[in-house]
Amino acid sequence: MRISVLNGPNLNLLGQREPELYGSKTLAEIESLVREEAKRLGAKISWFQTNHEGELVEAIQNLPRRADGAVLNGAAFTHTSLAIRDALLAVKVPFVEVHLSNIFAREERRRHSLFADLAVGVVTGFGAHGYVMGLQALHAALRGD
Amino acid sequence: MRISVLNGPNLNLLGQREPELYGSKTLAEIESLVREEAKRLGAKISWFQTNHEGELVEAIQNLPRRADGAVLNGAAFTHTSLAIRDALLAVKVPFVEVHLSNIFAREERRRHSLFADLAVGVVTGFGAHGYVMGLQALHAALRGD
Amino acid sequence: MRISVLNGPNLNLLGQREPELYGSKTLAEIESLVREEAKRLGAKISWFQTNHEGELVEAIQNLPRRADGAVLNGAAFTHTSLAIRDALLAVKVPFVEVHLSNIFAREERRRHSLFADLAVGVVTGFGAHGYVMGLQALHAALRGD
Amino acid sequence: MRISVLNGPNLNLLGQREPELYGSKTLAEIESLVREEAKRLGAKISWFQTNHEGELVEAIQNLPRRADGAVLNGAAFTHTSLAIRDALLAVKVPFVEVHLSNIFAREERRRHSLFADLAVGVVTGFGAHGYVMGLQALHAALRGD
Amino acid sequence: MRISVLNGPNLNLLGQREPELYGSKTLAEIESLVREEAKRLGAKISWFQTNHEGELVEAIQNLPRRADGAVLNGAAFTHTSLAIRDALLAVKVPFVEVHLSNIFAREERRRHSLFADLAVGVVTGFGAHGYVMGLQALHAALRGD
Amino acid sequence: MRISVLNGPNLNLLGQREPELYGSKTLAEIESLVREEAKRLGAKISWFQTNHEGELVEAIQNLPRRADGAVLNGAAFTHTSLAIRDALLAVKVPFVEVHLSNIFAREERRRHSLFADLAVGVVTGFGAHGYVMGLQALHAALRGD
Amino acid sequence: MRISVLNGPNLNLLGQREPELYGSKTLAEIESLVREEAKRLGAKISWFQTNHEGELVEAIQNLPRRADGAVLNGAAFTHTSLAIRDALLAVKVPFVEVHLSNIFAREERRRHSLFADLAVGVVTGFGAHGYVMGLQALHAALRGD
Amino acid sequence: MRISVLNGPNLNLLGQREPELYGSKTLAEIESLVREEAKRLGAKISWFQTNHEGELVEAIQNLPRRADGAVLNGAAFTHTSLAIRDALLAVKVPFVEVHLSNIFAREERRRHSLFADLAVGVVTGFGAHGYVMGLQALHAALRGD
Amino acid sequence: MRISVLNGPNLNLLGQREPELYGSKTLAEIESLVREEAKRLGAKISWFQTNHEGELVEAIQNLPRRADGAVLNGAAFTHTSLAIRDALLAVKVPFVEVHLSNIFAREERRRHSLFADLAVGVVTGFGAHGYVMGLQALHAALRGD
Amino acid sequence: MRISVLNGPNLNLLGQREPELYGSKTLAEIESLVREEAKRLGAKISWFQTNHEGELVEAIQNLPRRADGAVLNGAAFTHTSLAIRDALLAVKVPFVEVHLSNIFAREERRRHSLFADLAVGVVTGFGAHGYVMGLQALHAALRGD
Amino acid sequence: MRISVLNGPNLNLLGQREPELYGSKTLAEIESLVREEAKRLGAKISWFQTNHEGELVEAIQNLPRRADGAVLNGAAFTHTSLAIRDALLAVKVPFVEVHLSNIFAREERRRHSLFADLAVGVVTGFGAHGYVMGLQALHAALRGD
Amino acid sequence: MRISVLNGPNLNLLGQREPELYGSKTLAEIESLVREEAKRLGAKISWFQTNHEGELVEAIQNLPRRADGAVLNGAAFTHTSLAIRDALLAVKVPFVEVHLSNIFAREERRRHSLFADLAVGVVTGFGAHGYVMGLQALHAALRGD
């Protein structure tokens, strides 16, 4: 089972960026946690971060050739990018949406998501741990559990 | 560690009720899954379901004496009950909000929650498996992981 | 043919309660009219009134075992209770929605209904006579007329 | 007792027009049902259909000279014609509003009515049978039942 | 100077129609008042009333050949007819808008006008007298006073 | 018959102020026109202009002792001053509202009026001539014409 | 003079519940203050608290037989319960609405009340003291002061 | 292949009517262009213009007997007539919507269409040429190109 | 203890002004009631009424030098004056907001207040008696009761 | 005549991407159709597709040096990119907007366009054929037909 | 070059008034800074502050006779006074709008300005220094830099 | 002191692009003005322009290592890019927002900014001069003036 983890803008700053909201773990540390859990589950991870909407669109366009499913933290693009939504609609690869902070406790404009209704499900508010939860849930869904 | 699982209206009908949305497992079957995982984690579960808003208010009022945290699926009350929100505000017991269906893919009125901004985090769209994820995440949060 | 007539909050006050809006007949008098018409149609009536949302949820949950269809006057719950809507969605028993006053001539908040789109049809504004009309229409619908 | 039945635009197409919404009976078949019931009640029916708003305005203006009450299915004009509302306000003839489909289950723009708050009451969702119900209810109201 | 007075739907009922709002004068009586004043001013009146939107559209289309200006009481069409607005935009004949009742004191939907921003000016609330005022003001405007 | 003409803020600048909107006549010239017409009608005019909301409130409070009716051009206060509305509600002196420009052809915020529903009627868009029309209409209304 | 004091959901938690908003007095302590003042005024108090909407509906339904007036703190139901509004409309017993916190300083959803327009008056923001003020004001109103 | 071209209100004024918006060609000139192109394509044109909503409703009702498809420029009715929408829904004849001006560059109320979502497609902003484009596109669609 | 009572526009008309809303007591009579109660409480009253927003702004600016607290009935300014809100924010003197009528039972625009969230609390609907209640409550608050 | 055809995000997936909405032709196949028609018209085509907003901004910035006009299918950027709108405003090169699907029949957020009011015209809903129509219409417009 | 600096309500309290928002400098100290910079630029300053809207209206009406341009801090009137907007529209004297606090970071009602679209430009958020910036920018604009 | 000047999309077209809105100076000419003033102030400028949102995100992410503050003209991204807002929130480097045109005088969608509430202050409407003002104000703010 191949799983792609896709990270949107400013997630490369994790650890320094508003740690009271996003936690003190860096993105590299989260990647380690996810790879560890993937090993346990027998899944293969590919990891991607970008600050460019177009690159995220293309990473999603490439999913059918490279992965069985995806864990997606679109960050700010979650609330603004119809192009990414269109890519998700086009490829129809199953994915789980993850957010570090609890988006229900954020300001109005971050409470809706342009991707979430297309997802298998959403995990929000559990910090770095949410990535592991997302991976597990996607793994279970792909196995048809 | 004592964890209370609180279930709102019509969840007693699970299995028969719109299975394409809520899955084919009964609430009793979900309870078994949760108790099993709790055993593995060394946590003690109390389980509650009600169709009466006032009873859910009082179950939450009693949490401080009976549990270290809660997994809450408020069902329809999630979108209408300010009284339950007030009870959650009053007791300040940490809780995880769980929904069987992906509320982001439901009609407008089910996409916002009156409780979710008070929660540690939210798990939505993974069916019965979401209860187990919620339990694990709450357990981790209570241990300070 | 078994038909359940379900009445929501404050309908126990009929006759005294704003008679210019709701008419001067008591709920017992309406019940008599309905039972009389049911006898004529060869249908069996069960009659229920409650001021408690949870009890109405459960009365609806029990419909599949007790009735072939329902006449529902949800009163104030019509405009606020998503839990009752969920119960109606869960049991899928055919029902007719009845209102004593003409809800189109009421204030804004009473002009929409959380149940009506699930109903076979709606009868509103004919006072006590509306219950009889609802019974007849439900009877015809259940017979496939 | 003279009762006028007034039908708005496109109702002349009944039977062919979206039968899943409006049923398979033609307007002539509905007219027969209504005339039959009127005979039973001892009422005299005049029947009218038009696709022209101005003609419906004038049919309503003529009501005081020709009928004791009206059954009105304004079809699309229900949601757009202030001129018909004004005619109804002017003549003050009692009328019952009837819709074949359940307008509460239609799209937003069909859920409000420009006439309904002026009606004795509204019957919606019972197909052709709704005309008969409307006739009966109007008959009862005119007799002061 | 030729002036056309155009009257919209239900104005043929004046005198009987909600006299507390629209006054007790009939349209014929208003016509007399207007013709009298026109004689005084040396203007020639053509008078028109219709309940049909299309006829009012065409009356306006014919204005350039028949009149130097118009007094328009569009009645209910004032609030709904974009086709009449388009006719007014097409012919560019100067006109004064008149309303019998004070539209600022009516319900929300009657407080805006689809024609008024194209008018020389608007006179509202002075009953039959408003037609005379409209005639005088149009006469003055056409003379360049 | 005593009639008070009340003018709101910036009307002292008439003639210079946006003449394409408000015309080239000064307020003094308009006052002359009004006084001339009043003489013809046998009415006595008192004339008032202020840029201060409080002074206009008090001028209205004094109306019952000083005038039988008022012609009011509230200018910008028309759209913002609830205090002036309250004064008009308190004294209940009949008044006609006048605007130089056609407020229906102005930007959104000038299309509603806080006073107009309390007026006998409104005259808008006829420039200086509108004051004379307002005076005539008020005079007729006070005489019960 | 018999006065009923009716308390809505979560008020049983007063003293512990968000004391910075609701004060540090328990509901029992407030009851003492109210009974003391009632004794001074010569009024008889009945005291009621519930977390169940249906029970509050029925307590209000019973008012005509048990009290001359009521002091009502509906808590969260103030903003959501149309059923309680209907009960208040039905019984027409005079009541004063009281809130411990200043609802004008709360979040948007708590700034409107479904009951307040039916009340004699509203007292909000004075903590426990507001109950005493409400009692005094109701007492004065019932005596016709 | 028979194609009906249906034109709504005020299009009979083309050439004179706001030529900066709608161009300087008359409707007769556009008809010539369309007939010429139709000849080239081997299609038979029937041409219709009306200022009466009811006549357009009936022209559409007659389409199934008279045409294989339609080119529709509803003009002002595009934005207001639910009755025409209902006729289009009833007959289900394929049609192309055409507008002379670019409705996306018009005022708010002209930017939405009550018919366009039912059309094969929409052509807007190309003046008279748009009719030819609409004809070609409809022709291709009917041939299944 | 020095308490300033500040009254906004049109309150000088009390007694005559819409007595069904505001009661039949004059402002002078209310002043007497308040001074009497102040004497009982040992507080010193300064009394102020103005129809000018700027004067109320300055009266509030002077509060720190002249009073320990204020009772404020801003009347119409309550709903429109941001300048008065800024003055209240600037001086931070504790105040109680009072309204004679029940603003919750008034039209929409009077149901919100620009000052109330800054007040200790609000008393609304008790007529002249509300001033006395406001004085008592402020007195208690200033003493720390 | 040089014409640039500019394609936005995810159009590189045509053929596979939601073919029920966007048709089964690939973008290369559409390019062939367009080049063929251009040859017939004697126009020179440059073809461009990108998933990056910035690249589309720059392609538009380069238009004045490279093309006489453009055919633009902005895809998802149509509904979100103000930067592309600004580029179109800056270069003022005439363009035709094309959409494969009928955007009037899509969800709310796809029904408005940030570019369309700047276009010569819009063609929407004719699939691949729309590109050919757009090319023809642009060609005609540039030749001043 | 004569420049008038106009200050709105509550700015006379600067230094004491919410210093965390508006800074600790008094208005006199800001006046000194501005006069100093004006001396350097060779401009003559007239300085004005008022808490009365009418006085600010009149100060603006007098600008053409007294100043070549103005620096305006309308304070709370910025968000509520249409009368001041009308005065600015009438005199057409160039002005720069200045705010001490960053109005984009304030609550919703302070984020829009009724004057700013008429200004040369706006400076907001730089405290007392903003007045100097405004003076410099106005000076440059008046010199045509 | 190192100051970074960051320019968003289409600013590379300055001088040609809508000069009536944005002025006739090129971006290079503005850069010269800014560098000159920076020299005077003893500050070091780095200059950046991009049409790619992702590049602006990354330029902002790099600010902490490269600059003490920034002058930001986000152009169209100001109104649409949540990703840039997140970058600004992450790095917390002080910045001044500058706009060439007066955004308060632009269309609705350009009147709000996604960055401005995070800025030290905003300068809008002074053309190229605004960059110099922004530099000076930032310089003063960084020195703690």
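Going by the order they are written in, the chains are A, B, C, D, E, F, G, H, I, J, K and L; count residues from 1 in each one.
By definition in this document, contacts are C-beta pairs under 8 Å (C-beta built on N, C-alpha and C of every residue); 3 or more make two chains touch, one makes a residue touch a chain.
The model shown is predicted, which means the values in this text are computed figures rather than measured ones.
*Asks:* What chains, if any, are shared contacts of chain D and chain E?
*Replies:* Common neighbours, chain D/chain E: H.
*Asks:* Using the touch definition up top, find the fewest steps from chain D to chain J.
*Replies:* Between chain D and chain J, the shortest chain-hopping route counts 2.
*Asks:* Of the pairs E-F, I-K or K-L, which has an interface that repeats that of D-E (more than half of the contact pairs shared)?
*Replies:* I-K
*Asks:* Report the inter-chain centroid distance for chain C and chain L in whole angstrom, where each centroid is the mean of the CA atoms.
*Replies:* Taking the mean C-alpha position of each chain, the two centres sit 64 Å apart.
*Asks:* Centroid from C-alpha atoms only, then distance chain B to chain D, rounded to Å. What do you get?
*Replies:* 49
*Asks:* Can you list the residues of chain F that touch 2 or more other chains?
*Replies:* Those would be 52-55, 80.
*Asks:* Give every touching pair of chains, nothing left out.
*Replies:* Chain-chain contacts present: A-B, A-J, A-L, B-C, B-G, C-D, C-G, D-E, D-H, E-F, E-H, F-I, F-K, G-I, H-J, I-K, J-L, K-L.
*Asks:* For a test of understanding, state which residues of chain G touch chain I in their complex under the given definition.
*Replies:* 102, 104-105, 111-113, 116-126, 129-130, 133, 136-137, 140-141, 145
*Asks:* Report the residues of chain I in contact with chain K in the complex, numbered from low to high.
*Replies:* 52-55, 57-58, 61, 80-83, 85-87, 89-91
*Asks:* Show me the residue ranges of chain K that touch chain I in the complex, using the header's touch definition.
*Replies:* That would be residues 8-10, 12-13, 16-18, 50-55, 75-77, 79-80, 109 of chain K.
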